[in-house]
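Same chain, two partners: subunit A is paired with subunit B first, then with subunit C.
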Partner chain A sequence: MHSLSNRSKVVVKKEMTLTEKMYLPAILGGMMITIKHFFKRKPTIQYPEQKREFSKVYRGRHILKRDEQGRENCTACGLCAVACPAEAISIVAAERKKGEEHLYREEKYAKTYEINMLRCIFCGLCEEACPKDAVYLTEELAPANFDRSNFIFGKDKLVQPVGTSAHPKTYKPYKK
Partner chain B sequence: MEIFLIDKIVLIVAVFGITLLFALYSTYAERKVAAFIQDRLGPNRAGIFGILQPLADGVKFFLKEEFIPAHADKALFILGPSVSMTTALMTSAVIPWGNSLELFDRVISLQITDLNIGILYVFAVVSIGVYGIMIGGWASNNKFSLLGALRASSQMISYEIAMGLSIIALVMTTGTLSLGEIVQQQNGSIFGISGASWNIIYQPLGFLIFMICAFAECNRTPFDLPESENELVGGYHTEYSSMKLGFFLFAEYTNMFISSAIMSSLYFGGYNFPFMDQLGLSHNLVTILGTTFLFAKIVMFIFLFMWVRWTLPRFRYDQLMRMGWKMLIPLALINIIITGLLIVVLK
Partner chain C sequence: MIKVTIDGVETEVEPGTTILNAARQIGGDLVPPAMCYYSKLKGSGGKCRTCLVKVSAGSAKDPRPMPKLVASCSTPVQDGMVVQNITSPEVLEARKGVVEFLLINHPLDCPICDQAGECHLQDLAFEHGSAKTRYEEERRSFDKIDIGSKIQLHMTRCILCYRCVFTANQITNERVHGVLNRGDAAEIGTYIENVIENDFSGNVIDVCPVGALTDKTFRFKSRVWFVKPMYAHRNCDKCCGKTTVWMKGDEVFRVTARKDQYGEVEDFICNDCRFDKKLASDWTVEGPAPIQRNSVQAQNKYLQGIKVDAPKNIGYGNISDR
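Let's turn to the complex of A and B:
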């Protein structure tokens, strides 16, 4: 067999030498290894007080963005739903009425926008597919729940709350 | 006479308290050392650096349900941990914890009692200690407990022989069985350094054998077959809960402390430290410093116990027996012969 890593050793059954039979040198060697670890810097993160930073490209739960005037960006084109490999997104579109211009940026908007968080694989393809800069994956974790039905996130949970800015914690551009 | 009694009672209480304190904080140290060796931090939530962890553990032990299995022999079941704990605490009586203090116009020895057969007393008490484990394992009426107890007794009997033989060589060089005198003798000077003629210089092989046997006597890894949690559940203490289990575990740490003290006293000069008589300090101060040094040595030995525990895996049972009977006992005998020859040649 050709070795890929060049680290493999051929095991040979041979008589032990006297030093090997005495065990002590090997034991001392082992103790040197453990004492080295004893003085090593510990990688522990003291969790509740200290939190580990997420990776820059971490993909958590989704957010439906609003623009600077607080209007929803989503135009219910359905490209995210098409792109979604897990078929987690379902959208019902509706036409913007007169007087709703301050609510929705485009003439068509999503009446319901649901993501099934149990189906979602957080691949971020919806984010890439979106032509209207509407759906993004944030750094937040999708929270646990006791009920399956609560994992279907509607617009109440997904749309960016009014008055919030493009904060890095809740909103991060995927590619810049 | 009354004053003598008061001295002794104060000393006994102090030694008792210190022993228990050391045992208590050995559990904490064990967890910390284990954690650090495994690149973790260990308990650090109870108090600063987790310093109150042993207290929390103790409280938990007391609050746990006291459970005695239906098929267990009740009297023996309770006797087991009691014997373990009592014998573990008894040995400290003959260890010289320091030289002597000159207080109130009297000379107070810091050894509770200097038996002229101190070493034999230690051996006698330690071998009773195995009864605690045996009785506990037998009374549990459980296969795992019985196997653990069986292993404990055979292991202890095997390693006691090598331990005794290594001590015989030491007794040949010192010419006394009294621990007080053995420590006193190590006060002599070597290369002009007073208080440094420790027995380890004359008995290196004997010390090695004694130390290995001490590991076995304390049931510490690599000799922790009586417990071997991954094959015997918990070994002899499988059926134990609450403070009875606590006593068993506590006895192990007490034994560790006592054997560290004995190793320090027999081979590492006890309360003697280099340059002790050349510093020109008052007798009391030297004694206090000596006691501090003794405890420093003990702490180092306890650390060694833990260091080894978290380095080595457990022996297989046949390896354990082979090591005891076919390696350590012949080595100890060779050590006796060499020592005898050297004594004849050099004196």
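Let's turn to the complex of A and C:
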């Protein structure tokens, strides 16, 4: 068969010469490669103590933002859910009642807002679709867990706590 | 029969047919959009100006062009008339202007509005409008009025097409609402605090091209693209009983009349069917209702097995086409 990459080598089964039978040059050659790596820069970091800088456009776990007055931005329009290619988002809307104007910015709000973190592929399409500046992907990693049900993040885990920094990218919900 | 040419397509229609209806008989892309005209309502049309077309030859006898663009919903065709719709840049420019005018006072609350996804103004603006508004003044606002437990009125969204007024006049036995005041202050209302309630009053929801009149029993329950439209029927002694029920699983979220490709209802339905029969056991489900292929409703996740209308628009963003 004709080779496509021209990089394949035809295997020839031939008798080894005396130097090849001794294996010593080959062992030394291999050791040289190993020793060369002692003097190179180490790419490994000590993870929990050391952390790498995130890219500015890193897409981690989501937050639902509040505006400057502490009201939830999300109006349950469903555009994030329809944009989501993994179908990870589900929303139930409710009407804002009298006296709740300080909690929700619009007439309608999300009563439940759930993201299934096992389905989510962190593509950021929800952030792009949002017309109300409500959902953002932060630099926080989605935490690991032992129970599947804990991966369904409700409003308790997603909504930005009152009085925290409003900048979506640098905001870290779990940082001490 | 008289001959008329629309965008280069020749057709023969009955005398007295309007240009819009002649175009609808041809079908396809050359049909002018209509926000106020409703073929089932007598006297509708002529208000919104979205159906403007250019008449480049008045008739065979007098082939001079008409001096201005005409509203195709209320202009009858004449023998030998030549009409330009999408082939005329002038018409498209004028339509863009009309859309801008309609949107001047229309609030940008589509994320909240229950009509979003099946709103004719949304479709029209998407197709013919510009992405940005040039309007800087305050949009008009109204005192909220309650017109009953079944119908929600959002006057700020109204484009004054008068369809609901014609519906109340012609379909129901009594009309208690109408357009009050004039000009900028014109609004749909009942004048004296009144409840719009009779057997067929719910049809004003279906004829409303925008979200000014919406179903209160469906208010904020779900977005239209998350519910699946199914044709269903039941024995009803008041109306034909043939409806579209919007379901999610076995749950009926709302009931509307069946609509054709121009968004007009096929048969008006009664309030019992619309508001009170919200159980799956009330209905005999016939099968999935056709969805316009380029509609956001086709973007939901229930496409398998649904017959989708308008095969010309293949590739408009339908998951199963990719």
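Definition applied: the second predicted complex is superposed on the first by the 130 of 176 C-alpha atoms of A that agree within 3 Å, B and C clash if a C-alpha of one lies under 4 Å from a C-alpha of the other, contacts with A are read in each partner's own complex, and residues count from 1 in each chain.
The rule we apply is simple: contacts are C-beta pairs under 8 Å (C-beta built on N, C-alpha and C of every residue); 3 or more make two chains touch, one makes a residue touch a chain.
All values derive from a computational prediction rather than experimental measurement.
Engineer: Is A:Pro131 touching the first partner subunit B, the second partner subunit C, both, or neither of them?
Structural biologist: It touches subunit C, and subunit B stays clear.
Engineer: For A:Lys98 in the superposed arrangement: first (subunit B), second (subunit C), both or neither?
Structural biologist: Once the two structures are laid over each other on A, A:Lys98 reaches no partner at all.
Engineer: Should A:Lys14 be classified as contacting the first partner (subunit B), the second (subunit C), both, or neither?
Structural biologist: After superposition on chain A, A:Lys14 lies in contact with neither partner.
Engineer: Give one of first, second, both or neither to describe whether A:Arg52 is in contact with subunit B, with subunit C, with both, or with none.
Structural biologist: It touches nothing on subunit B or subunit C.
Engineer: For A:Lys42 in the superposed arrangement: first (subunit B), second (subunit C), both or neither?
Structural biologist: A:Lys42 contacts subunit B only, not subunit C.
Engineer: Scan A:Gly30 for contacts with subunit B and subunit C and give back first, second, both or neither.
Structural biologist: In the superposition, A:Gly30 touches subunit B alone.
Engineer: Counting contacts the way the document defines them, which residues of subunit A are shared by the two interfaces, the one with subunit B and the one with subunit C?
Structural biologist: Common to the two interfaces on subunit A: nothing.
Engineer: Of all residues in subunit B, which touch subunit A in the complex?
Structural biologist: Interface residues on the subunit B side: 33, 36-41, 307-308, 310-312.
Engineer: Okay, in this complex, where on subunit A does subunit C touch?
Structural biologist: Against subunit C, subunit A makes touches at 75-79, 81-82, 87, 93-95, 106-108, 131-132.
Engineer: Quick check: in the complex, which residue numbers of subunit A touch subunit B?
Structural biologist: Residue positions touching the partner: 27, 30-31, 33-35, 37-40, 42-44, 46.
Engineer: Where on subunit C is subunit A touching in the complex?
Structural biologist: Going by the criterion above, the answer is residues 109-112, 116, 219-223, 225-226, 296, 299-301.
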